[in-house]
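Below are two complexes that have subunit A in common, paired first with subunit B and then with subunit C.
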Partner chain A sequence: MLSLTLKEVSQAFREGRISPTELCKKCLNRIQRTQHLNAFITVTQELSLKQAQQSEIRLSQGVPKGPLDGIPFAVKDNFCTENVKTTCASRMLKDYTPPYNATVVQKLLDQGAVLMGKTNMDEFAMGAGSVDGTFGPVRNPWSYAAPYRAQTGASSDSDWVVSGGSSGGSAVAVASLTSYLALGSDTGGSTRNPGALCGVVALKPSYGLLSRHGLIPLVNSMDVPGIITRSVSDGATVLGVLQGLDIRDSTTVPAPSSLTDLPEDFDIRNICVGIPKEYHAPGLSEETVVQWSRVADLFERAGARVEQVSLPHTQYSIVCYHVLCNTEVASNMARFDGLEYGHRSTMDSSTEVMYASTRHEGFNDVVRSRILSGNYFLLKQNYDNYFVKAQKVRRLITDDFRRVFTSGVDVLLTPTTLTDAARYLDFTQEDNRTRSAQEDVFTQPANMAGLPAVSLPVALSRRGLPIGLQLIGPALEDKKLLCVAQWVEQRVAFPSISDCGDIQESRKDTGMTEREQTSAV
Partner chain B sequence: GSIFIPILSCKGAGNGRCGTIDPAAVPADLVDKLERLALVDFRTKQGLACLEKAVRFAGQLHAVDTSGVEPMDSVLEDRALHLRGDAVTEGDCAEELLGLAERTVEEYFVAPPGMAEAAFMSSHQLPENHREE
Partner chain C sequence: MAASCVVASELLQNTKQISMFFPKTSRFIRRISTSNLQCDKQHQLKTNSASQQLVGVVGLEIHAQINSNTKLFSGSPVRFSAPPNSLVSFLDASLPGTLPVLNRRCVEAAVMTGLALNCTINKKSLFDRKHYFYADLPAGYQITQQRRPIAVDGTLTYSFLSGKKRSQVIRKHVHVKQIQLEQDSGKSLHDDVRSQTLIDLNRAGVGLMELVMEPDMNCGEEAAAAVRELQLILQALGTCQGNMSEGQLRVDANVSVHRPGEPLGIRTEVKNLNSIRYLARAIDYEIQRQIGVVQRGETVQNETRAYDSKSGETVPMRDKEGLQDYRFMPEPNLPPLIVYEDDASLPSGIDPGQAVVVQEIKEGLPELPSVRRERLVQTYGLLPEHSFTLVNEDGLMEYFEEVMKGTRREPRKVIGWVTNELLGQLKQRDLSVSQSPISPAALAELLELQETGHISSSIAKQVYQEMWNSPGKTAAQTIQEQDLGLVSDVAQLHSICQKVVDSHPDEVCAIRSGNTKVLNKLMGLVQKETKGRADPVLVMDILKQKTS
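Then we have the complex of A and B:
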């Protein structure tokens, strides 16, 4: 039951094969049993059960609110949730309880979906491994599945692999079968990266299609709420619910069409698939190249046109992002001063001392170093040289995409990440900036240009870990993008984790931090 | 046929201040200024090394010819964005918001004295035994 897609569960509800309360209890129980993955910062058990009961009443009266009524979902801990702690995995907001819901959260609740909890991440979404949050690293559930254990002979507990990030907890919640859908956020690849490493479908919609109201900002001009599901069609259902103009976010745009179900038999022969040659990057694993070619061949054999294209400025995307992200971070993080909400230092000899010590105590080194360099790029003498320069490069990157899409290409096919998931011990050998630069290299350009992009799992690697590929489409062509993604999904036959030997259950020897996770029913 | 730029590793790129003049080297007075702007208490050796690496990494942008290119700050630049009516639609939640702060007095947030004021107060403080009188 837990490994079903959203549509199948909805069907099971209607046929009375399971009730929302039963399902909610199953998911809570599973959260309990997979605690060692550290996917959740807060589990909203009481609230979940209450919502599930309300949903049950609606279903029994034959008046469900829609396809998501009674469906368990998880939310990354940088979306505000009314009366539920929202920490951004930072000491700064460790005890912050927002008085309102983010628009995307509210929309899911309005549909009767059942909130299971808030998921773990890199502090303030700055990272690509979900290893840099104050609540400890997130573990990839495939670390404990049979293929990885068998292929690598991994036995000791230290062999576990990272979930990717920064929305690692959300990807793990969906991959480890504790939620049917999860919200992530995606500024440089933070939804697609963990999606690829955890073997789930991860959609970054077009910029402006989903409201950012209540999403604690990282880079305002690139942040997009991301959707993580087990199937492309589930992703389309959720996108249909979440998309559209929001009066509380002036950067939202009207949805181009109401998203109806994706066609089961999409005609791929009219599609032109572009393969950007610059994505043959150093460090790209041979296995990923093999999968990339395999799917390109699938397209070609089915009659689609497959063309090599060039995006000459894409190579500068990561450096450009480094400057734009740090400058916006410098400005966005100014709100955390200890006065109105969040952590406040007891050092109070002056306002400035209190500010500085609050921020020293509240932020980790990654956040503080980004604030510092962001301020450097914004200095009067550096402003044109770095900040404005990066904005100009951003236009060149965006224009590359525009040129390719107006030349007749419908979607671009690329890898999502360079390799499958790294072992935690290996991943943490490099610092956060270096890792972010490596990990976001294929995903970041789509954020620069505001384009929709989706990562979907296509195969298991020799190590028994998921490999994902990415499809990128023109702005606001999210539906067509998902049609193509579903076509691929139907042909690659990626295995469900539940068919790969179940996840090893919570063990005493993992050394994970104790969290306020009350026991499940 | 890859044209990807090499990603600089943070390792071994640390000491940029010895030897020849490094454009990424950040002079001490500038670090103080930055610290006053950023207020993150990161004036440590490690903080400085990180900053210099960040600056050096960003320097790769200068390889791109951007002459005649307009800066871009939003992908929605060509669209008319929706503005709501200029009217108050929600509010009256002062108590709720004040409740989020660590320290309040009546309906005010409480801040310690400003830098100048703190300095003034400490230089004009009366001897301890006169205080209570």
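Then we have the complex of A and C:
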């Protein structure tokens, strides 16, 4: 039951095969038994059960609120949740409880979805491994699945691989079957990256389609709430619920279309798929290239047009991203001064001393170094050389995409990450900045241009770890993008983790039938 | 007056010195120092000393709190003197994840103000973040319009009274560089005893219009007149209540001195100017101080100075953090602010009720002070300086027009009562027009009694005085109680006149030989006899008869 898609669960509810309370308990139970993954910072057990009971009443009365009623979901800990701690995995907000819900959280609650808890991440979403948060690193559940164990012969606990990030906890919650959907945030790839490494579908919608109200910002001009699900179709369902204008976020736009179910028989022959040649980047694993080619071939054989395209400014994107990211970070972090909320240092000989020590104690090195460089870029004498230049390059990158899309290309097919997930011990050999530059290389251009992009798992690597590919579409063409993604999903036959001898947990839990286990494939 | 002005000008470098020389005339000196000295360039031309050619240059930065129900980017109510931190939304407290949502009323107020100041309204303007750490700035930055403000390039035309009797209206212009929308900060309250700083965020996020006025002014009086005119305009528009003591209008002055024709000198910024009077005094003090500095061969420091109203001096302020780099950057959460010229330029899909349309605002502009003055001159045949006083004193124009409704007396006669008698009494008692114990109707009644010949003008003044002494009593009541009504009994007047004529043969002689002016003396004696109650027209007739 736990490995079903949310559509299937919704169906199961209606058919009375399981009740929301039963399912909620199963999920809580599984969260309990997958604690070693460190996916959750806060588990909202009591609240979850209460919400599940209310959902159960509605379902029993035959008046469910919609397809998400009773569905367990998880939320990255940088979305505000009313009366539920929201920490951004930072000492600064360790005990912070917001008085309001983020719009996207509220919309899910309004649909009767059941909040399981708040998920782990890199501090303030700054990172690509979910290893740099104050609550410790997130572990990739595939580290404990049979394929990885078999391939690497690993048995010791030191061999586990990272979840990717910064929304690692959310991706793991969905991948480890404790939630059917999860909210991540995606600024440079923070939803797609862990989605790819954890073998789940990770959608970064068009900028402006989903409200950022209540999302504690990293880079306001790039942040988008991300949707993590087990299937593309589920992603579309959630997008349909979350999208649209929000008066509390002036950068939102009306949804171009109300998203109903994706067509099952999408005609791929009308589609032109672009393969950007610049995405053959240094460090790209051979296996990933193989998968990339395989899917390109799938398209071609099915009658889609596949073209090599050029996005000439791609190579400048990551540098430019860092300048823009750090400047907005420097600005956004200015509010954490220990006065109104959050951590406050006991050193208070003067207001300035209190500011300095509060911020020193509250932020980790990564956050502090980004604040420092961001402020440097914004200094009067540097502004034109860094910030303005980066904005100009950003425009060129956006224009690259626009040119390609107006030339007739419908979607771009690229890898999501350079390789499959790295071992924690290897990952932490490099510093956060280097890792972010490597990990975000394929994902951040879509943020720079505000485009919708989705990562979907296509295969397991020789190490037994998921490999994801990314599809990027034109702005506000999220639906078409998902149609293409679903078409790929239906053909790549990515295995469910529960089919892969999901050790430790699933063995005990597999009161599941064979049918249930395979249905997620 | 001109002579004392020259004397004073030589002494003005030190106000204490002046008050030693003129201990009892400090008020008089003040007026000279704020009005005639720097503004009147002729005085400077008379002297040959190079240092005397130094003139003050004044520019202004004005923060006007927008009169709106809610804040610039949040739905919190705006109210002065509410309990601390009772008007604070999540955004105002900078809770993480909150986003600014622009208040249309504030945009309309800025556009309206821009139009009233002849500005070009930017159809597209932008918001920026200005960063600095201060306890009453919760987000660590202020949202403002640094790169592209809502309105630019306007003019404020202002006037002030000059000349010996202050009857000459001088009209000047100051260039309005820009009007930008921005957030107000909260307030820090320092508790020195417990060495604590308490923060009140009620004001945090209230909409401000920052108006930047170019250094086109030369002295305190000009700056004061410009600010007063702006205040009147804002109040007429209703875009700002303009109360300086409540901080709704805050003025910082940039002051420098130079010799005309030479580049501008190094400027200081003078703050803490919470009334128009202090503004004028502070600027004039600062100009004199800088002239002194330059004359001593020293250099004016670029610094922020605060006006100390007790000593009448400006003193250096401890800068918050020395040299500030505000690290401006575009506000990423607000799209460009677009306003539309007219309904025709509204793109389809835009709800006209949500859009800001310049043409509509233009059509809704109320009567501005300059137009008001013109109308008063036209309608009532007043002198320009009277229209100036009527409009510049809060509520006085309304008072005057109300009086006019209740009397047939000529406007030119009424104006004296309003601008001299009434205003004089009010000023003496430190009252505003709205606090006047004598209502316009009561004054009208008094004037009407005079107009219809029930009382003489001297009795009218006496009754008026009585009305101040016992408020609430009508003119008619006073006249009756004190038997002040005009004596019109012809027989009685004849007998009094006869008595006067009989006892002043020389005067009668003079009149008879053609010097009719002497009649007035006899009239005065008759009035003295009747305590001013004799009907002057009748008395004149009788006296003429008796002296012919």
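In this section, the second predicted complex is superposed on the first by the 503 of 521 C-alpha atoms of A that agree within 3 Å, B and C clash if a C-alpha of one lies under 4 Å from a C-alpha of the other, contacts with A are read in each partner's own complex, and residues count from 1 in each chain.
Quick note on the criterion: contacts are C-beta pairs under 8 Å (C-beta built on N, C-alpha and C of every residue); 3 or more make two chains touch, one makes a residue touch a chain.
All of these numbers come straight from a predicted model, not from anything done at the bench.
A.B. asks: Once the shared chain is lined up, is A:T351 touching subunit B (first), subunit C (second), both, or neither of them?
C.D. replies: It touches subunit B and subunit C both.
A.B. asks: Using the superposition on chain A described above, determine whether A:A102 touches subunit B (first), subunit C (second), both, or neither.
C.D. replies: After superposing on A, A:A102 lies in contact with subunit C but is clear of subunit B.
A.B. asks: Where does A:A437 make contact in the superposed view: on subunit B (first), on subunit C (second), on both, or on neither?
C.D. replies: So A:A437 only meets subunit B here.
A.B. asks: Would you sort A:R335 into first (subunit B), second (subunit C), both or neither based on which partner it touches?
C.D. replies: second
A.B. asks: State whether A:L93 touches subunit B only (first), subunit C only (second), both chains, or neither.
C.D. replies: second
A.B. asks: What is the contact status of A:I216 with respect to subunit B (first) and subunit C (second): first, second, both, or neither?
C.D. replies: It touches subunit C, and subunit B stays clear.
A.B. asks: Considering only touches as defined above, state whether A:A475 meets subunit B (first), subunit C (second), both or neither.
C.D. replies: Only subunit B; A:A475 stays clear of subunit C.
A.B. asks: For A:A302, is the partner it touches subunit B (first), subunit C (second), both, or none of the two (neither)?
C.D. replies: neither
A.B. asks: In this superposed model, does subunit C or subunit B come into contact with more residues of subunit A?
C.D. replies: Of subunit B and subunit C, more residues of subunit A lie in contact with B.
A.B. asks: After lining up the shared chain so the two structures overlap, which partner does A:I57 touch, if you call subunit B first and subunit C second: first, second, both or neither?
C.D. replies: neither
A.B. asks: Would you please give the residues of subunit A that touch subunit B in one complex and also touch subunit C in the other complex?
C.D. replies: 96, 99, 221, 247, 250-251, 330, 337, 339-341, 351-352, 355, 375, 379
A.B. asks: Contact residues on subunit B for subunit A in the complex?
C.D. replies: Spelled out, the residues of subunit B in touch with subunit A are 1-11, 26, 30, 33-42, 46-47, 50-51, 53-55, 57-58, 60-64, 66, 69-76, 79, 81-84, 93, 96-97, 100-103, 109-115, 117-119.
A.B. asks: Within the complex, which stretch of subunit A touches subunit B?
C.D. replies: Listed in rising order, the residues are 96-97, 99, 207-208, 221, 245, 247, 250-253, 277-278, 280-282, 312-313, 315-316, 318-320, 322-323, 326, 330, 337-341, 344, 348-357, 359-360, 363, 365, 368-377, 379, 385-386, 388-396, 398, 430-431, 433-434, 437-438, 441, 449-450, 475.
A.B. asks: Can you list the subunit A residues touching subunit C in their complex?
C.D. replies: 79-80, 86, 88, 93, 96, 98-100, 102, 212-217, 219-221, 247-251, 327-328, 330-331, 333-337, 339-341, 351-352, 355, 375, 378-380, 383, 387
A.B. asks: Would you pull the subunit C residues touching subunit A in the complex into a rising list?
C.D. replies: 90, 93-102, 129, 131, 133, 135, 138-141, 197, 199, 325, 327-329, 332-335
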